[in-house]
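Look at the two complexes coming up: subunit A is in both, with subunit B in one and subunit C in the other.
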Partner chain A sequence: MWAYIVRRVVATIPVMAIVALFVFSLLYLAPGDPAAVIAGDQATPEDVERIRASLGLDRPFLVRFGEWAFRIVQGDLGVSIFTNLPVVTMIKQRVEPTLSLMVVTLCLALSIAIPMGVIAAWKQGTTIDRIVMGVAVLGFSVPVFVVGYLLAYTFALELDWLPVQGYTPLSEGIPYWLENLILPAVALGGVYIALIARITRASMLEVLSQDYVRTARAKGAGQTSILFVHALKNAAVPIVTVVGIGFAGLIGGAVVTESVFAIPGLGRLTVDAILRRDYPVIQGVVLLFSFVYVIVNLAIDILYTVFDPRIRY
Partner chain B sequence: MSATALPPGFDPAQIPPGLAIAQPMPDVLPPVKPRKGFIGFVRRHPTMAIGGFLLLLMLCIAIFAPYLFTKDPTALAPALRTREPSARWWFGTDMLGRDVYSRVLYGARVSLLVGFSVAILASVIGLFIGIVAGFNRVVDSIVMRVMDGLMSIPSILLAIALMALTRGSVQNVIIAITIADVPRVSRLVRGVVLSLREQPYVEAAVAAGTRTPVIMFKHILPNTLAPLTVQATYVCAAAMITEAILSFIGAGTPPIIPSWGNIMAEGRALWQVKPYIVFFPAIFLSITVLAVNLLGDGLRDAIDPRLAKRL
Partner chain C sequence: MNRRDVLALGAASAFSAPALAQNAAARTLRFVPQANLANFDPIWGTQYVVRNASVNVWDTLYGVDSDLMPQRQMAEGEEVSSDGLTWTFKLRSGLKFHDNEPVLAKDCVQSLKRWMARDTMGLMIRDLLVDISAVDDRTFKIVLRSPYPKMLYALGKNNSPMAFIMPERIARTDPFQQISEYIGSGPFRFVRNEWVPGAKAVFQKFDGYVPRDEPANWLAGGKRVLIDRLEWTVMPDPATAAAALQSGEVDWWENPLSDLIPVLRRNRNIRTDIADPLGNIGTMRLNHLHPPFNDVRARRALLMAMSQEDYMRAVVGSDDNLWKALPGFFTPGTSLYTEEGGEVLKGPRDLEGAKRLLREAGYTNQPVVVLAAQDQPITKAFGDVTADLLKRLGMNVDFVATDWGTVGQRRAVKAPPAQGGWNIFFSWHAGADCTNPAAYQAIRATGDGAWFGWPNIPEAEAKVAEWYAAPNLDAEKAAIRGLNRASLEHVTYAPTGFFLGYTAWRSNISGIVKAPVPFAWGVSKS
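What follows is the complex of A and B.
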């Protein structure tokens, strides 16, 4: 068990190194010469050269990468070109709305998608099954912002049930906080729900034809108990895998959802940084999101051992 | 010939008494003949037919956009801005007085171009990388580590980061999305190649002394094409969504070119009062993506009917 966990943790190190190398190359390849910008219009080529040397920009790529990586590990992501604030500070200011959105979306998606998939598998081939699978295909195809605008128009503008846009911090009370997050979470969760419902159904179908399910039925276990206790636990590994893989889509979708619903989170920060070409901020956000994605999938790898104790690589 | 068909050289007299010879079963049930032709295809693969029809419709709209009663999609008319949909402007006009109907129709060109280009490019590059990685351990361990790294950057973020490096142009959008999609495709191909290598016919080819490149491209490659085609349709659908997202947040197709993402980005400021500017491109985008996804699902079911029953 511990050997497996240690091995999984060690395996993420090269992955994060590749991510870091890519993100560093981004700044390295970015158009514009910082030394020339700092030196100004009046500077002679010698001045520019001197500034470049003083900033350490004349040294080889790998040396600069090493220094940069060393600072990253210490938690220093550099300074924004546009606001002159440390990138870490900017990220800290924006992290709550995005985290809230993700958590609410995740809870919502899991609590809708898994029962959907289980019921579709149980009622395989019936109208209920077809409807669930049809909804899943639709969920795949309708992009986040389309669902977002549709929901905001219907439930906020026309029916006036929920606020149109914006974000209320958690400190002002859970009801206000949740009120603002429901529509974005449904919009963002659409693709995720479709993905999880489909894999849940497929995985459950496989498990439901196993002998021990028949045994459970024969010994008189109730239908709910068979579906959600006997079968679901054994169908869990593929489902959990897809939850992890789909998390990438959740991160990408958050960038768009925050634009649609004017939520001041990391997604807005990314979009603003792109429009201003604020490379240190882009770097920081990409690095952070990739790190979160890797950690989520690492956690899921470890979770496998809970669902299937046979897994020992 | 007697009523009982006996094998030649078999004398009925030798049959021991009490043993009856079974009569051959008459063909009571006529053989199942799948209906041929177009109607038969539609009946057997309704999802593929619907998807194909919708996609063909969009393709026609993209190709014949100038002849479908459109105006110049970039012509400004500030005096006629934000008109509601009417007989004169079918989808209304935007905040600069441009005809939304014309812009949406021309927008199909960008989406389909990006979707198809990315699907083809990512498939070809991914196929090559996957096959080579599946055959060469050194390449495999290096390339697949890089791919793992790239795959742990959410693909929309990867495309956004790449777009930040370059000017916005349709070409750069295609390149950025392709780079973001190649890791997934090459992983799929590599997996298929590794399982195909264990097949007896490949072992036979190796035993017969066939050179490795011939095995790779003549024996293995054709068998990867079926799963790759299915994957390509999903890549195509995802690429169209990514293009729209990139354009929507201002990091994609330059604003001068009407693309669905751009039209929505421009309609964003006014969407609470003039929702139609956002909704028309949104509907077109959703239908196109749905069409490609249905086509992909249909293809998958047709290629692997066993899977179709379950998924």
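What follows is the complex of A and C.
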């Protein structure tokens, strides 16, 4: 197992290198000019040209890529063209809100979706099943920003239970931290809940028809024990897979959610950087997201062995 | 049970850190700016949002008042020699930077040198410059080759880049490189360690600031700070900003969308008013280098056919208080405003006449490349209206709907439209920049050196020179009348109208003034 983990971690290096080359090339080819954005609307063409030269954007592709790659290898993601701050500093400023949003969303999604899916499978064909699946379809269909606005209007403006926007660091207390995250997490978690609930239901239906479940029932095991101990563990592999795949969607959804709820996270940093063509920041954030995604998938692979001991690497 | 009750329960738990004291919150003004403060060098980055943040931190020698007249600010006085060639400035006593170092003449000299490299008026001064040097700690002089009557206006104008004074060591930074220290002598200190670009910027009252005795009047007079802390919270989504203002999470929103104003007005705790009486002038910029708009008849055809009302309603909706037709190029309500030569933009629109002119100009259905930045609602609206107008004129429209970063790059391309160039793009100019030609890049018509579109109209440039040399207001007005006429005859660009915007704040905030800049001094919170 440890050899496998080491192999997988080492394998991330070429993956990251390819991502780095891809991102750098894409940004080089994409239209847009940070110098024009920096100079402002009223700038003269000469001003724009001077700024472009001062940023080194007029140098050949290979020279720029070589310098950037050399710095990356040393752990230096460079300096933002716009803010003059190190990209690492900007990412550090934004990691906590995004991580908090992800964690709360994940906890919320798992704690709602898995019981939903289990119950739907247990009550297959009944009204409960239809309601659960109807909710899942709704979760898939309604865009994150629509859910966000509706939640903010209802729970922040009308009822005044929760704040409309912003983020409070965890260091200021869990209640303050959590109150800013509940609405965004619900908004972001909708699709995720739907996805996990549906796959849980499908997986559970397959498992519940297996002989060992019938045996457990014949031995007098209780319904809760059958569902959550015997069946769920054996249905877990596809669920865990979907959780991993859905993580990418969560990153994408965070971009919208952070904008709607004005959370100063990595999603907003990415959008701002793209609109301004802040190349070092875009490259840094995309590399980070790629790395996280690779690691999450590694964790999922390892979890398979926990839920299904027959799986060996 | 509401949020405060829920929080009170939570706050009582062992996990909670102490909340902010109530009076501290009352001394913090929470402000939603028009855009993200992505950089903070007012000379390097000339965006309005940078200028608006910078007036808190850096001070100027002079500052314009609401009549756009320069008044002394850091300067105690000035002397100009009888031949108009030597200006001697003396600083007020007691001026301090935020690092508690005194403001000295050498700081002013170096700051002005950096500013001169980037500003239109500064460049003119630099071209005339013989010497700029410190005489003593509080006195410096500027020696010119020929008189420059607009000196005080240049030093006190509110157009970006403003002539901000920085410590000498910071002002030594190349004007095309960003500064890395944000130390000024203005009424607020910039709290750098709380700056999260794209999300938050914090300004703390500077206790060492000594305001002038006169009442505050825009950039002139005493900048008395009545709050302890100014927090800028960037909100990319207007609906979120509206909700935050309604719920009292923020105190002041600089530029609410006009569509959201009715919603805000229904809340009895919110006040709204016109933000900047000088408003904005919409711009349809035409490329003078390539067909069809290298022919003045094609440019005139657009003026004959375009309806400014269509453009303005696309931007401000049905609120008639927010726009007016603009048969000219200068800001309505200011001393040099004129409609001289503006008949072409008045009265019923003449589509048939415009089509005839286009034919005479030799237009033969070649694609007209229209660039529209979709991430800017104003330019997106201008683009949609124009695409429709061109189609009605029988033109072949290649509508390139993209983002501002791409438009910013492509508009600088002088190649023909088919080779990556363009025919039309859109912008808008703050009315404060369009009161005279000094900061009005778009009105200049110097050919290759002009703003994008590169109009070359010697007749207009002659009038600009007349304005610079004008000895009095009457002479200035005469020059501007001539400039307006020449610019319309040759269609330097097509003005799409004059429009205003609202600002909105909570009713417990007082002291907000109508101005091109959201001044935080004089604003209090109860």
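Convention: the second predicted complex is superposed on the first by the 252 of 313 C-alpha atoms of A that agree within 3 Å, B and C clash if a C-alpha of one lies under 4 Å from a C-alpha of the other, contacts with A are read in each partner's own complex, and residues count from 1 in each chain.
Everything that follows uses one rule, which is that a contact is a pair of C-beta atoms (placed from the backbone, for glycine too) under 8 Å apart; a residue touches a chain by one contact, two chains touch by 3 or more.
What you are looking at is a predicted structure, and each value in this text was computed from that prediction instead of being measured.
Touch test for A:Arg50: subunit B only (first), subunit C only (second), both, or neither?
second
With the two complexes superposed on chain A, say which partner A:Val146 touches: subunit B (first), subunit C (second), both, or neither.
After superposition on chain A, A:Val146 lies in contact with subunit B alone.
For A:Val137, using the defined touch cut-off, is the partner it touches subunit B, subunit C, both, or neither? Pick first, second, both or neither.
first
If we overlay the two complexes on their shared chain A, which of subunit B and subunit C does A:Gly173 touch? Say first, second, both or neither.
Only subunit C is touched by A:Gly173; subunit B is not.
So, A:Leu157: does it touch subunit B (first), subunit C (second), both, or neither?
Both partners, subunit B and subunit C.
Which partner does A:Tyr279 contact after superposing on A: first (subunit B), second (subunit C), both, neither?
A:Tyr279 contacts subunit B only, not subunit C.
According to the stated criteria, A:Pro309 is in contact with first (subunit B), second (subunit C), both, or neither; which is it?
Touch status of A:Pro309: no partner.
Looking at the overlay, what does A:Gly75 touch: subunit B (first), subunit C (second), both, or neither?
neither
Just checking: does A:Ser259 make contact with subunit B only, subunit C only, both, or neither of them? Give me first, second, both or neither.
Touch partners of A:Ser259: subunit B and subunit C.
After overlaying the two complexes on chain A, where does the subunit B footprint on subunit A coincide with the subunit C footprint?
Residues 31, 149, 153, 157, 164, 259, 271, 275, 277 of subunit A touch both subunit B and subunit C.
Contact residues on subunit A for subunit B in the complex?
14-19, 21-23, 26, 29-31, 137-138, 140-146, 149-150, 153, 157, 164, 198, 201-202, 205-206, 248-249, 251-253, 255-256, 259, 270-271, 273-275, 277, 279, 282, 285-286, 289-290, 293-294, 297
Looking at the complex, which residues from subunit C come into contact with subunit A?
Against subunit A, the touching part of subunit C is residues 1-4, 6-7, 9-11, 13, 15-17, 19, 36, 38-39, 41, 44-47, 118, 160, 174, 176-178, 180, 196-200, 233-237, 239-241, 243-244, 246-247, 249, 375, 402-406, 408-412, 427, 429, 433, 439, 441-442, 449, 451-452.
So in the complex, which bits of subunit A are touching subunit C?
31-34, 36-48, 50-51, 53-54, 80, 82-85, 90, 93-94, 149, 152-153, 156-157, 159-166, 171-176, 178-179, 259-262, 264, 268-269, 271-272, 275-278
If you look only at subunit B, which of its residues touch subunit A in the complex?
Touch list, subunit B to subunit A: 145-146, 148-150, 152-158, 160-161, 163-165, 237, 241, 244-245, 248-251, 264, 268, 271-272, 275, 278-279, 282-283, 285-286, 289-290, 293-294, 297, 310-311.
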